[in-house]
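Letters are used for the chains, namely A, B, C and D, taken in the order the chains are written, and counting of residues starts over at 1 for each.
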Amino acid sequence: MNERVAIVGVGWAGFRPTTPELSYKELMYEAAVRAYAEAGVDPRRDVQSFVTVAEDLHEGTSIFDEYTPDQLGAALKPMHTIGGDGLHGLATAYMLIRTGQFEVVAVEGHSKASNILSLERVTAYAQDPLLNRPLGLNTHFVAGLEMNRYLYESGAEREQCAAVVVKNRRNALRNPLASFPGDLTVEEVLASPPLAWPLGQLEAARPVDGAVVMVLAGEGAARSLSDRPVWVLGVGWCNDSAALEYRDWAQAVYARQAARMAYRQAGLRDPQAQVDFAEVDDTYAYKELQALEALGLCPAGQAGELTAAGATVPDGDLPVNVSGGSLGIGHLLDATGLARALEAVLQLRGQAGPRQLEDVQVGLVQSWRGAPTSSGAVIVLGN
Amino acid sequence: MTAKILHFPGVSLSEADFEQGRVLFNQDRLHGDFAWDTGIAIGSYLAALRRGVILGARCRRCRRVVVPPRVVCEWCYRPMSEYVPLQDSGKVNTFSLCYVTWDVQRISEPEIPAVIEIDGASPLHGILHRLGEVDPQQVHIGMRVKAVWKPPADRQGAITDILYFKPVVEV
Amino acid sequence: MGMRKVAVIGAGMTRFVRRAQETGKELSWEAARMALESCELTLDDIEAVCMGTAPDAFDGVHMKAEYLSDGAGGWRKPYMRSYVGGGTGVFAPIQGWYHVASGLFDTCLVVCEEKMSSYTPHAQAAFLTIFDHTTERPLEPNLLWIFALEMNRYMQTYGISKADIARVSVKNKRNAADHPCALLGERDITVEDVLNSEVLAWPVQRLDVSPVSDGAVAVVLAAEHVAKRNTDRPVWIEGVGWCLDTAHWTNRDLAYPRYVEYAARMAYEMAGIKEPRKEIHIVEPYDPFDYKELHHLEGLLLAERGGAPQLVADGVTERNGAMPVCPSGGLLGVGNPIAAAGLMKIAELFWQLRGEAGARQVPGQPRRGLAQAWGDLMQVGSVVIMGR
Amino acid sequence: MTLLERDPNAPAAWLGELPLASRYTAGLAGERFLRAIKDEGRIYGARCDRCGVTYVPAVAFCERCLNAIEEWMDVGIRGEVYTFTLLYQDLDGNRLEQPELVAFVRLGDGGLVHRLGEVQAGEVAIGMPVEAVFRPAGERVGSILDIVYFRPSCG
């Protein structure tokens, strides 16, 4: 059994609103070549198992796992697909390596969101077919309902949600992978047209194309492959109620439970003090506030105030979404968690360039599956 | 435990239960519209089809010519070295006489799908297509066939620019 | 430290039916609840849940695992879905295995569900979208094409006749007559019935094919210390293997399933099996079409290449033969709700190895069994070896 | 990263669809729940005594313990607005001229997502009592749309 597991190679491709010059397979290939080169592995010889995260309806292909192996070097090897976020994929690789059956495992996630002409209709097909879908509503309504109840219970304000947008898009100015950098004011964000009131148009992340590949290894292999392995200290994932009718509308219970699981493994008793930075869900601006509370990174009901006061900017007490988050980078569908984990790896290695944080040892990454779901995953990474 | 269990759950309905309103149900459709980027290899394959050429690619390391082309060799993971224009003929690797359309309509004249090993590609390397201008009973594995193309003006850069493959009359 | 041992300690399933009234959530729940009751556990005892379910198109729900999570017992638990096409039903217990073998969890509920009847007008049409969207779908292929193409190549390569293959369908449909959940059990079916059935896509005829179905199956997995506390008769997962071949299915030999062999070799090595033909006592290979059972026995190294038909002809694969194959009745007889059908094979081995299979019980107190599934574009092998 | 280059005449994208046509049964619990709306104009919940949860809409099983639920109850047609939103986009992502007023109406320990009617957006507040407005009995088909919307109720 391998007790410890590390990330030893990362690669990316795309990270733009459109990537017309590459097919999805070629996008995956480009990310994979980078990751394998960085880890110094030959996938045909050294990588023993492969995992992709993907959903059929995002691909336009049924049982999409068919088309995953070739461009990753996985043909005739143990490969499978997870219907989940990139962090679910990392958790899977973590489990595979811990069994002792595998030493080196690669994880891939991608988005070709620009190829989905009817993305909103596809998303709506995730609604309950009997109770919700007959209403014919764009799935953003779920975010509107959630945000309204979250503001009501937490006392957070719309201005504080807008501050998340301002911060993340400013952070994106220093990230070359970000598609939506910007220097906005809270007033400008609040003046954007409403999407699902109280949620404004500028408070929703826009989809982008991209692919991320990561190579993970057990402790022995990790030490020989990398000078700077980034250790997986803990993983957690959780589903709250599948039904809109029974879930918690105000709190991200799935994030709270997933974090508890990950913290237990990582031995974090006081995450607020022990986590140096966080890359968390900001699919919608309020989600970042909701997540910080669920993750125990600030007291309940205080994420809004702390954000407005600047606690989560890069030189604040707890830098959050230094990468620019999904609001600044864009949303990579199923690969979103991997994009956040990519930032955490770069930060922990000291490779984050102009946005490098000083003296960071432990990073927290969290992801949500998006509306209308109530599920997500957490991973704690450290040097 | 199955031996001890007397009742297994699962309520079976008939089509009549739906038609005669004995059960409630909801119907829905998804128009999932996509514009898949063709990219480098498949984009070039489609462009070649428009010119009346079946395009392959060579892996120098594996000494293999594949079709359709791809940017990386799935066996050695080296980038494919070059494109290779192939013949528009080949032999039937396997085939079927299919009396059911994709949407499960019964037909009297069979569709004849086949895997056709393309001349110029490595052995066992072929594409999926249909056979035409042939008596279904005469089709056999190993049969030589040749592509029947749409007129150049009608081609769109699609696999359907080849209408079907027909037997080559041996002289 | 060696690998953690993982056991199956409970199983449950719904009937496999053509059109279920239950929603997919309800089917999942029925199977999950039965599995928990079978080992006298409650949902509180379950630490993680794995869901296996194949294309979203069937159930007609995007991200369908999210939708199914409450029925599967995933409420506020670590819950994850895996898929490898038709191989999913035997892969999901592998997923459960690595959940427990990783040391993260001591118990895991594995649920597989498929509600194919939701796809209208006919579930088969959904298979159009498993083909490559640019190079193949414009040809309007259906699922029968690839089976027919593979079957024809297999027959031609080894000189196998339709009658050789039809015996598999007869055996499995007869076996299924003893399965209380079966959709197409037929005690009196004959080889002639199969050979005279409607031609769908020559060489595939109606009775060569397993029926489209709705259903769910669940099993409970536990780490060694929990399993031993729970039952005197745990059934151990001794080996697992899986393998995914290239998507370029028209660039390889269809006569032999190399991906099944690779998956099997991985599982045999893990289980310490050197001579599979002597050491495997019951086989539940994937049989969505009758020739696939033969194809898979060869890939599993349980028959020579091209030699599986002779085993069937000689009665070796009968329920009371030397190597019973699909004593459950398989997909051909019990039904084929894709992922659920694969997990049904795991449930069957569980019941057989515990001597609880009733009318289907294989004689001679079998000690070890193998289940296998297959899927995607003739591309996936997933293998689980279970033993007492 | 590749040695192959893209043919300058390559078509940019291949257009196609993932066609889905689905027929969903209401299911064991849904059948009874929707029939009650259709035939009786009533909303039913179901209670799991073990977990102390009253599920609305009624369900066949408790998601918390997976026990079967037998105990059904009429929970009335009145609830309160638990949260609401004003939705400005349609299913194609186009801007709606007339935004939709959507609420989650609390009933028992669950509730229903539905439209609000006979009220202006500015008048809606969390906690506001509302009641279901049903289609005329003869026009109901056994769908969630047999409820037209929820409207403010006098208590």
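Assume a residue touches a chain if its C-beta (ideal position, glycine included) is under 8 Å from a C-beta of that chain, and two chains touch if they have at least 3 such contacts.
Source: prediction; values computed, not measured.
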**OP:** Could you name all chains that are in contact with subunit A and with subunit D at the same time?
**Re:** B, C
**OP:** Any chance you could check whether C-D or B-D wins on number of contacting C-beta pairs?
**Re:** B-D
Subject >> Whole-Å gap separating subunit A and subunit B, where each centre is the average of the chain's CA atoms >> reply: 36
Subject >> Between subunit B and subunit D, centroid-to-centroid distance (C-alpha), Å >> reply: 41
Subject >> Distance from the mean Cα position of subunit C to that of subunit B, given in whole angstrom >> reply: 26
**OP:** Can you tell me which residues of subunit B touch two or more of the remaining chains?
**Re:** 11, 13, 23, 26-28, 30-43, 46, 70-72, 74, 158
Original post:
At which residue positions does subunit A touch at least two other chains?
Top reply: 20-21, 26, 29, 56-57, 60-62, 69-70, 75, 115, 118, 121-122, 125, 129-130, 134, 241-243, 246
**OP:** Can you tell me which residues of subunit C touch two or more of the remaining chains?
**Re:** 19-23, 25, 57, 60, 70, 75, 120-121, 126-129, 133-134, 138, 246, 248
**OP:** Between the chains shown, work out who touches whom and classify the graph as line, ring, star, complete or other.
**Re:** complete
Subject >> Interfacial residue positions of subunit C with respect to subunit D in the complex >> reply: 19-23, 25-26, 29, 32-33, 36, 42-44, 57, 59-60, 70-71, 73, 75, 117-121, 126, 128-129, 133-134, 137-138
Subject >> For the subunit A and subunit B complex, residues of the former touching the latter >> reply: 19-26, 29, 42-44, 57, 60, 69-71, 73, 75, 112, 114-118, 121-122, 125, 129-130, 133-134
Original post:
Residues of subunit B touching subunit C in their complex?
Top reply: 1-5, 8-15, 17, 23, 27-28, 30, 34, 36, 38, 42, 45-46, 66-68, 70, 74, 93-104, 110, 113-115, 124-130, 141, 158-160
Subject >> Residue ranges of subunit D in contact with subunit C within the complex >> reply: 14, 16, 18-31, 60-61, 63-68
Subject >> Footprint of subunit A on subunit D - complex, ascending >> reply: 1-2, 6, 12-13, 16-18, 20, 22, 24, 26-27, 30, 34, 53, 55-57, 63, 82-93, 95, 99-100, 102-104, 109-115, 121, 126, 143-145
